[in-house]
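For reference, the structures are reproduced in the following blocks.
Same chain, two partners: chain A is paired with chain B first, then with chain C.
Up next, the complex of A and B:
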């Protein structure tokens, strides 16, 4: 089985799943959007909107207006929906393929586990980022017309890169859970990891305002740096501050990839020895 | 409506044993709730000019929301996962419906889980923004206890409603997500956003949230109105839950129940 065939198989499966679970996708687009806007505007139900806008402007250090904050809240919701989908799908799908559906046996007959897993980690996040952020260009256009589409044009490549990094990161957790540890409820790991990453990443406010205890787990993932880049790009425009988080994401991507290459090779040998 | 106390005691015993079997899931849900709470409430508190007022107003809403969400997840658990394990059939063969299953879980979900999650979230929220956790101890314990009492029929009502919708429509579990979004109004989003805050009492979970707010003196709807409504809503929600769950049972008896993921 060639690399191209594996990609086509993954693409076919995810399009079929997208059609089958379309209503769940609608929820995946809506909930983070409501959640993200709520995080900024819930205080406005109790205090003056101007007071909340001014407080956020002071925290960021840039004078912002209401539209800027709505645009920011909507854009940042894409990180949330992307994270939920990629972490959940990467961890739970692999477990189900091995422990519940048993389809990894067929995979081993057609190709090796290493190629399959790396394809999953590299290609699938791209599909999942597209699927989880389909609402974003429409929402941004409705809020800021052409400016919204311009924002989407420079945010989307960043989401794709971060999505791949997150896919590789999730695979590092999915492999031990699926192959090396006996665990009855793997979805617990995914369901705890998702809010732990989001709570510690400074998704709505700068990470310096998040207590250290909460951000420790998030720092192992690419999410805090991705949030930082988005915040700088959306609220302060392109400036040299973007260099540090960009470098960290690039290094993280290389580290996750290197570990995964070794880990998937080891798992392939392990699976052929003891069976899947 | 025939209320049989012995039957209720049996159901509570069954619920306790089921909860013991699923202790790991409860612990995971407990941690999960606190973490999700922090995702939303760290920015909300940081962006609020008066952090103490913000915590005392928004946090009680989470309690109302948790009650409604828990009941919906419990009802769908009964009609979804337990169908696969055969537990739904076992319950139904004994003449028990979704309402009975909700009753079996009510003491664990409302009294133990929702309350402990609420106070743990309150401690986490106050510590994160550097406030004294003791400010979240209710000033009026009586109102908090009334909130717990009203939470029970609210729990039964939302669970029965989602049970019926899950069974009789094709979109199944998505109803829970739709309801979760609607229920935020009056609970997490305080009733002050409505021109007349009392309009949001249309959401049964609002009264629970408002009573918890009353325990801190941050209620938006007048406490006399809430107290006056309490016996009415307890009866009304319980009766409606009973009727809806009967309807759900009749639907299952007629068309069967298929296993849905």
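Up next, the complex of A and C:
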């Protein structure tokens, strides 16, 4: 079967699931949004808002106003919801498809595992990025009108690219969990990985303050570099400093893709040997 | 023309026994059989005999260790994509679909995966849901996890039929179904075979298999132990027929002649005055029994008031073959 038909099928399935789980998506949009704004403005319970804005500007080293910080907090919440959804869906869905609901068998009656996994790793993050950040343009527009939409215009491609990289990264964890080791509760791995990735990426805390162990986990993923690009773009505008993290994300994308091509081919053969 | 050609297929599994010990399980050991186009071929055997493994190999879901398996002329290992395009599969009717999607959505997804266009996938999905009776049950829009086992089995059949495949591989398609659902699935299989499709079906319900199968392959412990049409298997095993005769006239002479011709294993006579009911167990072919009885009847002054010949069922044949005892009855 062609890549096109598989991509079409995945699109159809995920749109149907999105419609069915819409209420869960509302929760997924709301909680990171509340958490992110809360994390930035928690000191406002002790000090004046102006003091918080001024302190934040000092930490970043750029003069910011309240709207800038809210825009930044809301954008950061999109990274959170995107990461939560992509890591969780990539790891748990593959496990469920094979070991719980058995729908992987239906897929493999139509195509081979390698093609399906690669299509899924490339197209699904795009769908999930769109689904998890649907609130973002609306929220940014409400906060800063046209400026908000401009922010969205350059943040969204970044979210898409890092989403695909994160999808490929998560697949590297999902494949061994699903095919090579006996685990009954893979969601524990996903649930532990997600906060480690987010905390280790310096989303809310400067990266130099994060413990080395968590930082090491996070640096195997594209998230820290994505956060860095976002911080530079949102707080300092387009700047040559984004070149390094952008290059790292591009290399990471290529490395994840290459490993996945080899790994999915190996797993395809292995799964046909042991049975789906 | 051969639709399935299986030559010397071998498959071993490594099963874990405890934490460190592994055990090699021989699922298939030099299995050879073939299936003619347009027939219903049953694959029978006890649990763990290797039936599902065989179906999975033919469905390209499992690689054989050795041997050749061809489906519609395509090798299941080297030309797996060609095979997938031409087959419909039912494996484990209790699961195999996305539980949060409806039956309709699951089938459209499957159709798209199989390369159907979006509009045709939707149209065809409605047709097959109608065919298996799920539309009438108003179930096509409900989430799969709310389906009963019968509905799930119907959906599995609908999936197998979605792409109008030339060959259907059905692994216990009526397992756990109620009488009505099982009958619907059986009827569907017969109709599909009449349309010219080939069906390879496994199952444990001998009554059902006897009704629908043109040919049967019995496998046990990974080996083919019998192969042929149901009647051929019965004849080959040579099981005993039970004959019940209600006659009037010279019974003793009649029985002595018949006994010489057919060889009666066991005899019981119930005397009702002028009429006698004779129950005889004879190890001969059904046709020979009927012929002999009428030949003797013609040559003697005897009247047959009633005659019934109960032939061994497929279940009797199956048990005799699997136990390796042809004289079980």
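The definition used in the following text is that the second predicted complex is superposed on the first by the 273 of 276 C-alpha atoms of A that agree within 3 Å, B and C clash if a C-alpha of one lies under 4 Å from a C-alpha of the other, contacts with A are read in each partner's own complex, and residues count from 1 in each chain.
Criterion: a contact is a pair of C-beta atoms (placed from the backbone, for glycine too) under 8 Å apart; a residue touches a chain by one contact, two chains touch by 3 or more.
Please read these numbers as outputs of a predicted model, since none were measured by experiment.
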Clash or fit, chain B versus chain C on superposed chain A: fit
To the nearest 10 degrees, chain B and chain C lie apart, as seen from the C-alpha centre of chain A, by 90
Between chain B and chain C, whom does A:138 touch in the aligned arrangement: first, second, both, or neither? neither
Scan A:45 for contacts with chain B and chain C and give back first, second, both or neither. first
Figure out whether A:27 sits in contact with chain B (first) or chain C (second), or with both, or with neither. first
I'd like to know which partner A:8 touches here: chain B for first, chain C for second, both or neither. second
Using the superposition on chain A described above, determine whether A:210 touches chain B (first), chain C (second), both, or neither. first
Applying the document's definition of touch, where does A:16 land relative to chain B and chain C: first, second, both, or neither? second
Touched chain A residues, chain B compared with chain C: B
Once both structures are superposed, the least CA distance from chain B to chain C in Å comes to 9
If I apply the document's touch criterion, which positions on chain A are contacted by chain B in one structure and by chain C in the other? none
Contacts from chain A onto chain C in the complex sit at residues 1-2, 5-6, 8-9, 12-13, 16-17, 20-21, 101-103, 105-112, 269, 272-276
Note which residues of chain A are touching chain B in the complex, please. 23-24, 26-27, 30-31, 34-35, 38-40, 42-43, 45-47, 51-52, 55-56, 59, 184-185, 188, 191-192, 195-196, 198-199, 203-205, 209-211, 214
In their shared complex, at which residues does chain C touch chain A? 13, 53, 56, 59-63, 80-81, 84-85, 87, 89, 91-92, 95-101, 105-106, 108-110, 112-116, 118, 143, 159
Can you list the residues on chain B that touch chain A in the complex? 24-25, 28, 31-32, 35-36, 38-40, 42-44, 46-50, 53-54, 57-58, 127-128, 171, 174, 177-178, 180-181, 184, 188-190, 192-193
